[in-house]
């Protein structure tokens, strides 16, 4: 199975290793991520204004590229996933946006939301299957108590993202079980870490991260994993060293026994 | 040629403010067949009807057009008026210039123009009207009540008291319904079972009442006065005649792990069970999905311990077919599932419960023996938080658009009972509005605040956050104080929205009774016929029609009973004369019409006809007027157009089309 | 053909049937017409060849009223019509003795003429026993030939099959003639723009002279009195006055037989103006197949047809706009 | 200069929100993680738009404290979703005044070697036009 | 959409409504004062299954620009199954109209219950807009019937 892959800015630059982990794990699990040629940054946040078109075009380009290849589009970063999935929904359901975006794009055939947008975790859950993943784990993270940190973008708005129950998700917990560790469920796992606000309102973000980490440690977590590079940055920056935060692909690669391989590259 | 009179109603200003009634009246006189036209303030009034009477007599009218409100409102009124003046009532047509015109248009010129066109269409139709005579049909003097909660019980008792036999069909093993699960009732705080149990006994013992518990309606055929209903009596696996209700079987049953429906899954029951101690009938059923005997073939303990030899593993479902003249729906409600509201952590913490679960916890026969305690650790709570409107008043698909109506009052009741019994427990209620219309209701709520010190906070809760130490952190808003609050609680109670029993959709379909977008049964008129379904012979009792509390339910149950009694008291009903009719000379006898007739009203016979001198025996469709309900499905199926519908004939509808498109 | 004649005479002689419904030679070599044969000597004119396209099942409505049985010769496709008429109680099975006759595809004289073959005096190779693939045509301009296949009626290219749905006995072999997709023409029209569709039908239907030949020949259009002759719909019309009436007539004609039309193609065969009327019926058949499951009228005796049946999950009428 | 009425109309249009659907339950404010930082609270935003007091919104610090975490969007029972209103108000402000809450000059002092691109990209998108 | 193109054009629209659901829904729209265009004129029929394709063609013949049929929701028919037959008939008829080149959208079927006044009004709004944008019906009109 081959997927169109949208890596996004952070995983392509600051966090390249996380991207490598994802690709090499995919290979081991029997699917391939084919990077979209000349992808452009999704913009990081979904423009809520219904009259904004230009800021949605980068996503439309990526989506159309996947459509032309007849592939589903996979993202790794929660933010990219959020933006692209919502723009896709607009292209499918909002006449005005679809018409205007297509007018700009001048494609061979108008793009009307045909591409299916998947998060890497969804591929693991729905295509590979967590049971199957579990069988392929060579280096289970037995004994580790891991808190899943979802943040906002993966889950909300629940109706549009249709990813998991937005108030009581379980996909990352299932993932944690599949790689042999024990999930720790804590109530702040879908509360905001502060997002982009950490740039100018560091204290606000710090307070939010503190609540998240306190809740997670309180319920017994000894590490957190997340699917969003910005969440990872905020949590890492604000928590000191007592509760390490990992990107899920890193633990995936580790469980599949591939982490060293990447390091050596 | 008809002699038609046109009567234009002002309906006060309801019509006259937007439609130039004088102009409409004047335009009427230009239409073919119209010999009289006049307008009046209120056509439906005595004086208005008198005008009609006079005109019919003086101008020898053969047909009437009344331009007024919807025919669903006053068609019968004007037909009766016509009949009184010696005119066949089916020579009356209504032009609906109120609901379909004056009320929805603002521009006078536009509305007047449309009113004239609607009038023309009605005139065109009257021109082709023919006098019709209704037939008669019999009334089976027996009523069926679907649902054995307080609504069904009260309706059945009232009908039975009037001397008519009545059957109750109840899906669960016992009658009693939701009310039997309640601990106390507002606004008097009397014990629910103390007032319900005697009624259950009374209805059970009434000679005119026959109760089918653990039974469901399987199919409904027929129409008002003459319904044929199939009832599936599910296999109880216990002989109702032999069982003495001693209860030993339930005690000895080794399968005790099934969540108790009665206690909302807070504890478990045995595989052979009566839902609760006061169950009527006091005869257990075997839950075959849970029973070891049915699952593995080995066990049979209940059979061994039963002194009366009442256990019968070989029982099968039984279908009972019965005729009824009237059917009352009293299917009640359930609480919505809370899986879409997990911000309140209902599925994450045992100490977040629904109000109905709290009723069971507070009840002496409940899972905790009536002690208020946390289900997680059995500890007594010190801080209780109630959250109102969970799933009610929602504009999105997560919840219900309506107000569930009973939550404000029962929450005040819960708060008061807790403060009364456990004065050291603090109670906080997060509310959006406190709604207390009802006799002694607001006084009741104020007592909760003033005498019992319940802390009411205006604002909704955003999230319930379980803490590592087992406490619950409630993050809410206090809109009056403009603050975000974090409140620690030991238990959180959710006032979940109520919704009609999910089975009602299936039942409504069987009854062809209409249902609204929320699955509440629709009443024939919101104000004037609130307990009748638009489908004749079907009556509504209790929450199946809309949210209501016990006193309202009981009142409506009585009202539904009276309507049913009114029907059963008649010996004959007049049938709708707008039935299908087949033209013998055109009929091909092809049987297509019989294929689509939902009532089996069409049969075929070989008949000699004289077709312009040619005498031959032909196979012809014959419509049974008593069975035909006048839908018209056959008329369109018939390729030759031999089949036509009286009162809505092909030519009449085409004439209306022509008049509108003129 | 001789076998058929012999058998018919035999059945007539032993009293099994009172008459035989077949075809007799016409005044031209290519226009045999339906006829009754009651006496042995009548059979001199009896023919059964490639030009006997007429579907005799509809004649059985009237024949059912006659004394005694009527022997009727039905081609495989005709038997669908007959069975449909049985289902609708329009013919009496007990009054019919059905000989299922073999068919190797029926001929369309218009196609032959369209090849530029004029002044026809005689045609050979159209006999039912002929195995020849070629027709030899004597004309006043000399002998011409054409491939049998090229002269076949449209309906034979989309033949429903060699099996008779209902019969008492069969005589003669049938040949597989299907070599085209039944819905190809319909699909071609469906793919047009609304303007093109409109222009196409406007052009075709403007030829209609309302001779009612299509109606009269159609075995499904068998009403004692047609709505278009009835005062019940204010729709009694004799001739089309404008383009709308043409459409109305042909839409309703096709609608009334929708789910009952066996696609026998008689309407198009008899149209003197050469209007492809089967395109209306076939559109309904295609929609029915796609929306409600494949259905062949006359293939069984189930009382319900697609339009007198339903399923809860049927498509909504909006599907027409959705599929564009 | 646009009137307050125009601006309120624009907010309704950009956000696609009908503020009249609000029943004032306060669930948005109960859910908001930035609540304490805001001068005009999420539920009040709705009334400001209804009352066409857009200038006050434009000057509100709340515009820059909203995290776009969609908690209010997810939980609003009336399909009002104040987060969308706040975003629309923010757009109006940046479009009208070209006022940027974040300028490129500030960046160097705000970032550290670990700052992900995502942070800058999203902050720019949110704070500037 | 080219609504401007047809400015001043007032379409003629015939709505067939079943007595039990849609006509009552239209009544509810009225008593709730939910406006819609006066171009819509309602004809009451007992059930959607009473609507003969002839009625619809006749309306077009006489100059209607759009015809809409409303009935009870599938499964909720007062006569149990009438709307199911109507649904198949209308689907085939609409498909045929499309096939002969009548503009898509001149005909519509909508299920409106007695409780759906808002939906009735909304549907009529949409339908009038659609017909207005399509403009005058010329493809099915009988010119003799034009005023």
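Order of writing sets the labels: A, B, C, D and E. Residues in every chain begin at 1.
By definition in this document, contacts are C-beta pairs under 8 Å (C-beta built on N, C-alpha and C of every residue); 3 or more make two chains touch, one makes a residue touch a chain.
Remember, it's a predicted structure, so these values are computed and weren't measured experimentally.
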Practice item. Touching both chain A and chain D: give me those chains, sorted by label. Key: B
Exercise for review: Note down the smallest number of touching-chain steps it takes to go from chain D to chain E.
Suggested key: 2
Review point. So which chain is the furthest away from chain A, centre to centre on CA atoms?
Key: C
Study note, to complete from the structure: Winner on contact count, chain pair B-E
Exercise for review: Using mean Cα positions as chain centres, tell me which chain lies farthest from chain B.
Suggested key: C
Study note, to complete from the structure: CA centroids of chain A and chain E: separation to the nearest Å works out as 48
Review point. Roughly how many whole angstrom separate the Cα centroids of chain B and chain E?
Key: 29
**Study point:** Whole-Å gap separating chain C and chain D, where each centre is the average of the chain's CA atoms
**Key:** 72
**Study point:** Intercentroid distance (Cα basis), chain D paired with chain B, Å
**Key:** 45
Point to revise | Residues within chain B bordering two or more other chains | key: 343, 396, 463, 596, 637, 650, 654
Practice item. At least two other chains touched by the same residue of chain A: list those residues. Key: 167
Practice item. Would you mind listing the residues of chain D that make contact with two or more other chains? Key: 71, 74
Review point. Between which chains is there touch?
Key: A-B, A-D, B-C, B-D, B-E, C-E
Review point. Tell me, which parts of chain B touch chain D in their complex?
Key: 343, 389, 393-396, 398-399, 432, 458-463, 475-477, 479, 482, 484-485
Review point. Which chain C residues qualify as touching chain E in the complex?
Key: 186, 189-190, 192, 194-202, 227, 233, 235, 241-242, 244-245, 247-248, 251-252, 254-255, 258, 280, 283-284, 287-288, 291-292, 306-312, 314-321, 324
**Study point:** Contact footprint of chain E on chain B as seen in their complex
**Key:** 70-73, 96, 98-101, 103-107, 110-111, 113-114, 117-118, 121, 508-509, 512, 514-517, 522, 534-535, 578, 596, 598, 629-633, 635-637, 645, 648, 650, 653-654, 656-658, 660-662
Revision key, fill the gap. Interface with chain A, chain D side, in the complex: residues 13-16, 33-34, 37, 64-65, 67-71, 73-74, 83-84, 87-88, 91, 101-102, 110-112, 114-123, 125-127
Check your understanding: Where on chain A is chain D touching in the complex?
Key -> 8-10, 13-15, 41, 43-45, 47-52, 55, 77, 79, 152-153, 155-158, 166-167, 191-192, 194-201, 204, 208, 229-230, 233, 236-237
